Structures are given as C-alpha cells and as structure tokens.
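The following pair of complexes shares a single chain, chain A, combined with chain B in the former and chain C in the latter.
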Partner chain A sequence: MQFEYFRPQSMNEALRFLADHKKEAMILAGGTDVINGLRTGKQAAKYLVDIGHLADMKGIHPADDGLFIGALAKVRDIERSPLLVDGWRVIAQAAGTLASAQIRNLATIGGNICNASPSADMAPALLVLDSMAEIAGIEERHRVPLDQFFKGPGKTILAPGQILIGFHVGRQLPNTAGYYIKRGVRRAMDCAIVGVAALASTSDGHLSKVRIALGAVAPTPFRAYKAEQFILEQGDLDQTTISKAARIASEACRPIDDVRSRAWYRRRMVEVETNRALGWVAKELKWGEG
Partner chain B sequence: MKHAIELTINGKCYQIEVEPEERLLDVLRDRLGLIGAKEGCSTGDCGACTVLMNGQAVTSCMILAVAVDGADITTIEGLEKDGEIHPLQKAFIEEGAVQCGYCTPGMILSALALLKENPEPSDDEIRRALAGNLCRCTGYTRIIAAVKAGAERMKNHG
Partner chain C sequence: MDDQKAYAIVGHSMLRPDAREKVRGRAVYVADFRLPGMLFARVLWSDRPHARILHIDTRQALDLPGVYTVVTADDAPNTRYGVYLKDQLIFARGKVRHIGEPVAAVAAESEAIAEKAIEKIVVQYEELPAIFEPIEAMKPGAPLIHPDLESYEATYPKIVKGNVCLYTRLSMGDTEKGFEDADYVFEDTFKTQPMYQGYLEPRGAVASFDFNDKLTVWTSNQQILVCQAELATALEMPMTQVRVIGTAIGGAFGGKLKTSVEPIAALLAKKSGRPVRLVLTREEDFIASRARAPYILRLKTGVKANGKITAKSVELIADCGGYSDHVVGTMGLAVSFSQGPYKIPNAEAKGYCVYTNNPNYSCMRAYGVHQMCFATESQMDIIASKIGMDPAEFRRRNLAEDGDVLVTTQPLRSVTVDQTMAQVLKACHWEEKRKASKQRGVKNFYGIGMANTILNMGLLSSAAIVKINEDGTASVLTGAVDLGTGNHTALAQIAAEELGMKPNDVNIAAVDSDSSPYDLGQIASRTIFDCGNAIKLAANDARRQLFATADEVLGAEGRELRASEGNVYVRDEPDKKISIRDLMGYRLYFKGGPIIGRAGWLGKPGFDHLVGEGYPQPPSVTFVFGTHVAEVEVDVGTGQVKVERITAAHDVGRAINPLGVAAQIEGGVVQGMGYALYEEMQIHEGVVQNPDFLNYRMPTILDAPEIVPIILEIPEEYGPFGAKGIGEPTNMGPPPAIANAIYNAVGVRVKELPITPERLLHALDDKKTREA
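Right, the complex of A and B next:
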C-alpha cells in the first residue's frame, strides 16, 4: 500500500480536498476496514484523507427532533451511551455485537455504514428507527432515509467528494421496544450470518408501529416491509401473527452461499431469528398480558 | 512523504518520523524495539498486537501511526514497575495461563483494560472482553482463571 496522508483541520477543508481529488481520495475514519482494504490491495488510493479528528462529526447529542449520532462516534461509545435507552436502546445493543472490544474502540458507526457490507451490524438497528443519514458535499447538505443509502455490497449513494456526517434518529413513542439478534459462527468477532432487528410501539393498547430490518441476507441491509405491514393489519403480536410475519420476512430475503453459510440456512434462520426478535419485543411491551 | 509525530509510550515521549503506511505495530516493533506486541493475523482478528491507547485496548495492526499523533500508548513492557512485573502478569504465570506466550501480551492488556473499568468481572464478562484475543495453546480456561486471580491481586496491591 502506498498513499499520501492528509489531515484536514475542518469539515470545509476536508470537503474542498475531496472535491479537488474526487477519484484519487479515500476517507479514513476508524481505519478498521480501510487499512485491511489497502493492505490486501482490494482498495487503492492516492490520498488518504483522515477525517477522524473533525469535532462536528463526533459523539451522540440530543437534538430537537430526537438524537444526532455523529458518523465518527465510536462503536464502543455507542454501546455504552447513557442516551441510548428505551426505544433507542437497540442501537447500543447492536453496537455490542460488533467484532471485538479492540475493534469497537477504533471503529466508527459511519464507517460501518459507509463500508456497506450486507452484514453491517449497525444497519438493521438504524433502519428500524427510521434513521436519516446526513450527507455533506462542498456546496450542499441533505438528509436521506437510511434505507435509500445502500446500493449494493460495498456501494452507497455517496458520490465522490461527499461525506456522511451522521445520523438523525427520531424521538420514539414512550412504549417502544427494539431488539437486534446476530447469528454468527462464533458468538463474538465474526460477521453475522443473519442479523435481525425488530421494533414495535404501542399507544393506548394498540400497535402503532412495527419495524423489521434484516442484514446479511441480501445485497444490502433492508426493511422487511411486507412482514411489518402484515403485523399492522393483524393489529396483534401474538405467536400466530409473529410466526406468519417471520415466514413473510424470510421470503423477502435474497441470501447467497458463502464461506459462512449456505443460502437455504440463512433463509431458514431469518425466520427463526425474526420470530425470536419479535417475541422479545412483544414480551418487553407486555403484549397480551391484559 | 514522511510525517513527524509524537507518541507517549510507557510514560516516555518519542518523536518519530513515519511513512504514512507504517502502522502503530510497525513503529513499536521495528522502530522502537518494543517487541512485546506480536503480529499474528495483521487483519484485526487475533488480538496478538493489542496495546492500550489512551487507556483502551486496541489492535495496533489496524492503526496508522501517523493518524494517532499525540496518543498515549501502553505496551506489555510498560507494566513492570521498579523491576517487578504487574500483579496480573504474576497471576498469568501462577495459573499456568501461558504456554507458547504469543497471545499473552495481548491477553494481559485486554484483561487490564477490562479490570480498570470493572474490577470484579464475571466469567462471561471476561470472555466477552477477551473475545478478540485468540490463544492456540491454553484452551482459555486457565486464562480466565488468571484474570480472576489477577483481579484479586490487583485489589490487594491497590
């Protein structure tokens, strides 16, 4: 690997540099994916632009409409954030499943998302919370729903010269529960064979929101809209509804065979884990307990 | 192009010129002769290269030295005090948690980061904290016992 290292002092300087060196520049944040990519020759760059020091992209902050999670927030800090409770807890919980303590201390949430691995653990958790990604370019800033961010394995809508600044996560209803299940070969370290996040809210005893997002079973992480819709139509989170919804979710995935798992096993596990995740959510919401 | 950086390593300040592609692990081992940190996988998976950076366990093979200018690093060499090894190191020896020793520096530093935050961890918490450190010899049971014994020793040594 050979490249030149550049550390911009401000967001503007970073955006200016990226705009001037579009195709030759690569962004460095936590480094845990980039360094592997460069060393194996899978990726190459003339300039490595280290944005890891930019303060406006760090940390987790309360905002008027909920929360802002900076793209440079470390996965370890997310795992332990006192702000990520109740409806938002699923983000912290998913963060705790990623790789090892050493990697979580380095890796950033923005890196996990921009790397756009189908199995990125942070993606399903952010998807069930309807997160918006904030993107900056030299002349504009805009927000997009995260489920429009991924284009394929390793591919996102980010154009050369743009930076993912962070995520806006809306306020959740008081009765909201979300849960992420990662099934891997090992209980730690490895990538997910299947990742399932489920979330639901109730108000006045009615189901008002249901979200299911899946990882590692399609070219991108995605929302299982049909399964969500089915549950909302039934208006129930009893076992029969959950089982049917889990089946519908498994039909929505497009898994592949790879070193970690066969496609048929992935599909089967989507059903099993969606079942478990929804079951956990129903229990947490005390659904059906009068 | 070379970059001048400054690192505090085991309490000592170093000014070094590094190439952009040099990793923290390379600087420690090849430039400074601190060969306690080992290179196992080079991909962030084995934990043999673990050091503490600003108090937190990190894999030094996944860090470009130029990007951590100003960092405070502790390697296994830095645990010795007045000619005495650290209580946690003693516990590893006494519990038979070392065989070939290749994983040991990383294991001890990961365990130390855990014990600083959580002086009385459960077996599960120890397993989780050490999940990123592979050992091909011991079978882990003795390592977990050593971390527990080390926690006890550290309490008594203040």
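Right, the complex of A and C next:
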C-alpha cells in the first residue's frame, strides 16, 4: 500500500482538498476499517485525508431537536455516554457490541456507517431512532434520513468530495424502549451474522411508534417497514403479534451464504431475534402489565 | 515414592521468569530479529490445487531494483524428505499438489519489494484433475496425487495403494465372536474438521551462511534438533554445517514441527550470499498451514445388556492433503487408542491416510488421539443412553485397569482413569445435576456431559548436560525450547531440586544445535517426562561429582551428604557444610577441573512386540489419563451453546509447577472448546475460505467457561519425581464432553465438529420432524 497522507487543519480545508481530488482521496477517521482495507489491497487511495482530529465532528451534544452525534465520536465514548439513556440507550448498547474494547477506542460511529458494511452494528440502532445523517460538501450542507444513506455493501450516497458530519437523533417520547441484539458466533470480536434493533414508544397506554431495523441480512442495513406496520395496525405488543411481526421481518430480508453463516440460518435468526428484541421492548415498556 | 513435602522446589508453584518480559514486549521473536545486510523474503505459493508446472519465468522479478535473488525447485536438491514418509520437497518440482505449496521465493531489500517481485513471477500451469474428498481419492481410477508413492522411502512398513499412503490394521481377540456375543451392536460415523493451531506468532526463520559456508538458522521451531537434521537432509549438507538456534516462540501446538519455512530461507541465503528473514503473514500461515487433519471415524461397538463391551472395531480415514507430513503418525496413535481407556477384549482398528489436493494437513495437540477421543467418548454416551444407563456408570463398568491390553497388544500401566473420573464426578455433583430439570426458561436447556481421556506418555530420546558454574549456579544444556508453556521454569525446578540449588540459580540455556544435546522436541506432552528425566539424571550425575569433592573437603569420610539452597552438608552433621560456589573454586583451581553432568534418556516400554500391519509408531512408555465434565446451556431458538463450566481432572503424576499445570489445563480447555463449537478451516476446492482471525473464530476470553482444574498426583514410576506430561490431554476432553452435555440438554446428537448453531439447529429440526 502506498499513499500520500494529508492532515487538514479545518473542516474547510478538508472539504477543499476533497473537492480538488475527489475519487483519488479517501477519508481516514478511526482507521479500523480503512487501514485493513488498504493493507489487504481491498481498497486503494492516492491520498489519505486524516480528519480524525477535527473538533466540530467530535462528541455527543444535546441539541434543540434532540441530540447531535458527531461522526468522529468514538464508539467507546458512545458506549459509555451519560447522555445516551432512555429512548437513546439503544445506541450505547449497540456500541458495546462492536468488535473489542481496543477497536472501539479507535473506531468512530461515522466510520462504521460510511464503511457501509451490511453488518455494521451502529446502523440498526441509528435506524430505529429515525436518525438523520448530516452531509457536508464544499458548498452546501444537507440532512438525509439514514435509511436512504446506504446503497449497497460498501456503498453510500456520499459523493466524492462530501463528508458525513454526524447524526441528528430526534427527541424520543418518555415511554420509549429500544434494544439491539447482535447474533455472532463469539461474544466479542465478531461481525454480526444477524443484527436486530427494535424500538417502541407508548403514550397514554397506546403504541405510538414501532421501529425494527435489521443488519447483515441484505446488501444494506434496512428498516422492516412491513413488520412495523403490522404491529401498529394491531396496536399490540402481545406475543402473538410479536411472533407474526418477526415472521414478516424474516420474509423481508435477503440474506446470503458466506463464510460466517448460511442464508437459511440468517433468515431464521431474524425471526428469532426480532421476536426476542420486541419481547424485550414490550417487557421494558411493561406492555400488558396493567 | 518420597512424600511431596520432602521436596523443597518440586511441587511448589513458581511464576515464570520470562512472563514479565514477554508482557513488556522485550522477548526477541524471529520477526524482531535483524542481522547486518539482512534481506527479506516472500514466497510464491501455488494457487492451483493440482497442476503440472510447465514453466516458471523469474526474469521480470529479478529485474526489479532491490531484488537479490529468486529461488525455485531448480535451486534445491531433488531429495525427498519427511518424518514418516519421504514425499516432500522444499519447492514444488514438476507439479503442485495443493494450494499453498511453495513454488518460488524472492529475497529483496524490503518485504515490499519482495512482494512486488513475487507478483512478477510467471508460472505456466497445466491444470490436472483435482480431488478433495478422501473417500473419492481412495476409489480406483481417482487421479493420482503422488504417482511415485511406491518408490518413496518410509520409516514404517509401508502398505500403499493409489492415494492411500498409509494403511494399518491392528487386531486383538476375536472381534467377530465379540459382536456375536453382544446384545446390541452400535454403528456410528463421526467427522472432524481441519483445525488451525492459532498460535500468535506466525512461522518464521532467519538464515545466514558464514565465510565457511556453514548455515545458521534462527527459528521458532518446536523441534530444534529435528529441524537441524531435516535441513541437512533437504539441503544435502552434513549436520556439522547446519546450526539451528531456537528463538522465543509465540506458541506452536504442533504447527511448528520439523521444517517449513527454514529450508526456503536457507536456499535464499545461500544464493544471495546474504542473511535472509522469512516471516509468514497470518494469511500465509493459514494457507500454507500444517493444520490438524480432518478425520472420518466409523465405529462399531458391541455391548451386553449388562453394559459390558464385548467388541469394538473402528475404521478411520484421515485426509492428508497434498503431503503425508505428520498425518501418518496421528493415524498410528488414533488406532492405538481406538478403545479409549476401556477394557475391550476383542478389538480391531483399521486406518487409512489419503492424499487429496486439500492443504497440507498435519497434526496438533493430542495428535490423532484427539479425533479418536471425540468419536469414542461420543459413542459411549450414545450406547449408555440406548441401554438406559447413566453414562458414568456405563463407563465405570468398562474402565481399563493395569494389564488390560490395547489393540496394539500392549498392556496398559499406570491406569488412573477410575480416580480422575471419581474426583471429577464428585466435584461437579454429577448425580444431582444429571437428575436436575433441564429446562431454564422457554428456550434454554441445561446439560451436563463427561468424557475420559487416555494418551501415550514418553516418546523416544532426550539428553541433557548440566554444567556447574564457578559461582555455584548451574547451566542446563538441553534440546528443549519453551513453547510458551513455561516448561523451562519446571525444568529448572527439576534441576534445582536434584542439585540442591535455588531454582533461580539454574539456567536452562537457549537451544543451539551446535551445543545442545539431542532432543526429539517439545511435542507429544513429553518435555517434562522425557527432558525432565534426562535433566534429572544429568543433574544427579553432576551432584555425584560435587559430592565426591565435598566428601574430601568436608572430611565426611563417606557419610551421607545432602545439598540444599546452594550448600552441601553432611546429613548428620549439618554444620559441616560448604557452598557449591566454594566447592567449585576448589574443583577448578585445585582438584579435578570442571563439573559436567550428563545423561541420555530413552523411556523403555518394556514391551516391543506390537502386532499389526503397517503400524507407524513406537510403543508407549506409559499412559496418562483424565476426565472432563462440561456443563452447557443450549438455546434451542438459535442453536447457540454456552459452555458454563468445565471441570477437568488430570493425573499428572506429580505437578512440578502446579501453577503451570493449572495454566495448561485452562488453555487446553479453551482450545478444546474452540474445536468443539467454533473453529474450522473452511476449505472449498482446496481453498481456505477463512484465512484470518476474524473468520476463523477462536474463542475469546468472554467465551471461556469457568474452568475448574483438578490436579491429581499419583506418582508415575518412570517419571521425574513421579511426573507425567499434561500439555495435550487437556484439549481432548472438551469436544466429546460438550457434545454429550448438549445431548443431555436437548436430546440431539451431533456427530460432526464443530457443533455450530446451524448444525445443532438442523439436528433439533430433524428431531422435531421425527417426533411429529
């Protein structure tokens, strides 16, 4: 691997450099994916643009409409953030399942998303919170719902010259519970063979929101809209509804056979784990208990 | 046998002196090693499973600036070598037999240049029909992988045919009649997978020729003296011209035997006239690995209604991959121990080792007995369940005793499996737990299962030299390297105990074939037993010489002398004493010269009439036993198995360093669990699909169960201070114990390793279909 290394002093400088070099430049944040890609020859770049130190993209900040999580927030910091409680807790919980503590110390949430692996652990959690991705180019900034961000394995809507700045996560209703289940072979240092995030909110004893997002079972992480819709129509989170919704979710996935797992097993685990994740959420919301 | 309390050093836990420096990164491994003017090597590996080599064009590679030399089979002697069967060459000659076979190598100023040069070597191949299933490879008309097999030299009575490079058959008693006498006959087939040793340090070596054309190789090999001999053979050099020095080793587990990278580095060094370092990448270490060979094991066992086994026959098929390597040896041990630690009066064992175009398989911790143990101990539970007997009770009714005969016709001795079993079952509350409810919650089920282990102990020769230094310390010359097991600590304890010194005053010297006496290597759990015996005898020889001088100096007049903490004294008159240091001063400057104790050791089995055909192994010296109990929780929704606890009892005769023994048990249990549940080199048409630590999944510390080691010390007559080895047996128990615990939890039997969630779920589905 051979490349030139750039360390811009500001976001503007970074954006200018990227605008000038477009496809020849690759962004380096935590480096836990990029360096492996370069080392194994799966990725190549003429210029490596290190943005890891840019302050405006770091940290987790309360905002008027909820929360802003900088793309450069370390996964380990997310895992331990005191801000990520209640409805937002699912993000911290998912962060704790990613790779190992050593890798989480380096890895950034933005990198996990931009790498666009179907099994990215941060994706399902961000998806169930209706996160918006903020994207900056040299001349403009805009927000995109995260479920429109992924285009395929390793592919996103980011155009050459653009940087993912961070995520806007809306305020959640007081009665919200979310949970992420990562099914891997081992308990750490593993890629999900299935990832399921589920989230629900209640208000006045009614289900007001249901979200299910799946990882590692299609070319991109995605929302299981039909399953969500089904639950909302039933207006219930009892076991029968959950089981049917889990079945619908498993029908929505398009898993593959690979060295980590088989398609049939992945599909089956979507059903099992969706069932369990929703069950956990229902219990947390004390659904049906009073 | 002396009481353990009689020992000042042996039997007391000692921290390893190297541990701190290793943690601080100060140990020097091959990859840290540099010599002035050293070049860096890369290897071109075959990317075809079976192909004729028409032409190798190295010109473009040689034209690259910074490239010093390229070597191929043309630069290597056309001498085949190998431990059991001489079928191997340094580089593929004429054809390649598996992916990952060395075809050429480059030495250059940097690894990056060498890598580029490798890409510029053009090899013209003509594909040959390839074969990947050993059963297919055994059929008449299958493509021949080694057409010259008949002409290869072997160290065993060679019975070969087609792609079968070893056929062996052992028998004892009358199996036919044994099956007739049985009330039930069970037939089961088991399959095991290729397992990568997963050491942290990939293989590597540095080679350098001096002005006298003498070759020196630094390597992290686990058989320094064997490596020297094989290098000499492969390079057609006398052993005087080949010097091999052991470096720090980052684990081996059977993956760093004989030679692998060493001859390649040597050829490059010779041709370039420069020192050359070759360290494999992790991917290369996988692809060109010497992984544990996959086995197919067909077992037939006859049992009386009262639970007595009347006969057993086994047929084992091992996949060698492209070359026989150690697979032939593993088969020898697998058939030997095909009865398990049980009294089986009529037995037969057949073994086949078969060439395929899969990677070059070899051996790993517990050799072929590992694969055999999984099959035997799984079938023991299958039988127990069918005849409605507790698996522990069924085993108890068939336990072997001293004098019972193996299928090799060798009688067993030092049989202690009754005690390892009794201890474990008591410690883990077997009876209550077998009766306890299995269901926990909706989807989770608890299960408990057991397995016994038997293994040979003592293998061929070791030697040691003990030099007493002027300051009263001792240096031990041995061929034994420390693989990371801490054996140097225990060996120092043995020498210190015998010499009456403090353990820190004993140094186990770095292994150097120019000065270290012969040793077969750190294999077969033999280091404490065989090297320990040699060192104990050599230390005793040194002590005898010390005492002779002390008798003079102290005027002891033949009264009994003792040594402790570096002093020699008259037993009945402890004030009459002299330090070993002063004694050495006297020896060196006034009387008698230096003290050098020496000894050779070859464990005598007292038995040499192995009966059978094509059998490749020497008889065992003695035997070692253990019992594992696994407790698991099975999630029937996902097929995931969580191993909660493994209680492992091993009879080690005497724990020289109890801390080290416990560490071996803990490490072995986790490794065995990996084999049971997670680890598999996935091979598709000869290609390793998962040559990295992300996709070849070894357990992490979070996956490790609670491990309860139980160390039994039933002194072994032939062992140093009564000790037996412990390295290998520790990883044999978990696969069958876990498989049996899963059966106990959910009533399904998986006969193929690893027991992945997919396999277990399939089995659970099948059971549901059958019951419906």
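We adopt the following convention: the second predicted complex is superposed on the first by the 290 of 290 C-alpha atoms of A that agree within 3 Å, B and C clash if a C-alpha of one lies under 4 Å from a C-alpha of the other, contacts with A are read in each partner's own complex, and residues count from 1 in each chain.
The definition used in the following text is that a residue touches a chain if its C-beta (ideal position, glycine included) is under 8 Å from a C-beta of that chain, and two chains touch if they have at least 3 such contacts.
These figures come from a predicted structure and were not determined experimentally.
Once chain A of one complex is fitted onto chain A of the other, the partner contacts of A:H206 are absent, as it touches neither chain B nor chain C. The partner that reaches more residues of chain A, of the two candidates chain B and chain C, is B.
Contact with chain B, but none with chain C, is seen for A:E4 once the two complexes are overlaid on the shared chain.
Judged by the touch definition given at the top, the superposed model places A:C191 against chain C, while chain B stays out of reach.
After overlaying the two complexes on the shared chain, residue contacts for A:A101 are found with chain B alone; chain C is out of touch.
Within the superposed three-chain model, A:R76 lies in touch with chain B and out of touch with chain C [touch as defined at top]. When both complexes are overlaid on chain A, the residue A:L28 reaches chain B alone and has no touch with chain C. Overlaid on A, the two complexes show chain B and chain C touching the same residues of chain A, namely 100, 186-189. Partner chain A is touched in their complex by these residues of chain B: 1, 3, 20-21, 23, 42-45, 47, 50, 53, 56-59, 61-64, 66-67, 110, 113-114, 128-129, 131-133. By the touch criterion given at the top, residues 637-640, 678, 682, 689-690, 694-695, 697, 699-700, 702-703, 756-758, 761 of chain C touch chain A in their complex. Of all the residues in chain A, the ones that touch chain C in their complex are 100, 183, 185-191, 259-262, 265, 268-269, 272-273, 276. On chain A, the positions that touch chain B within their shared complex are 1-5, 7, 28, 31-32, 35-36, 38-39, 48, 50, 52, 76, 99-103, 105-106, 186-189.
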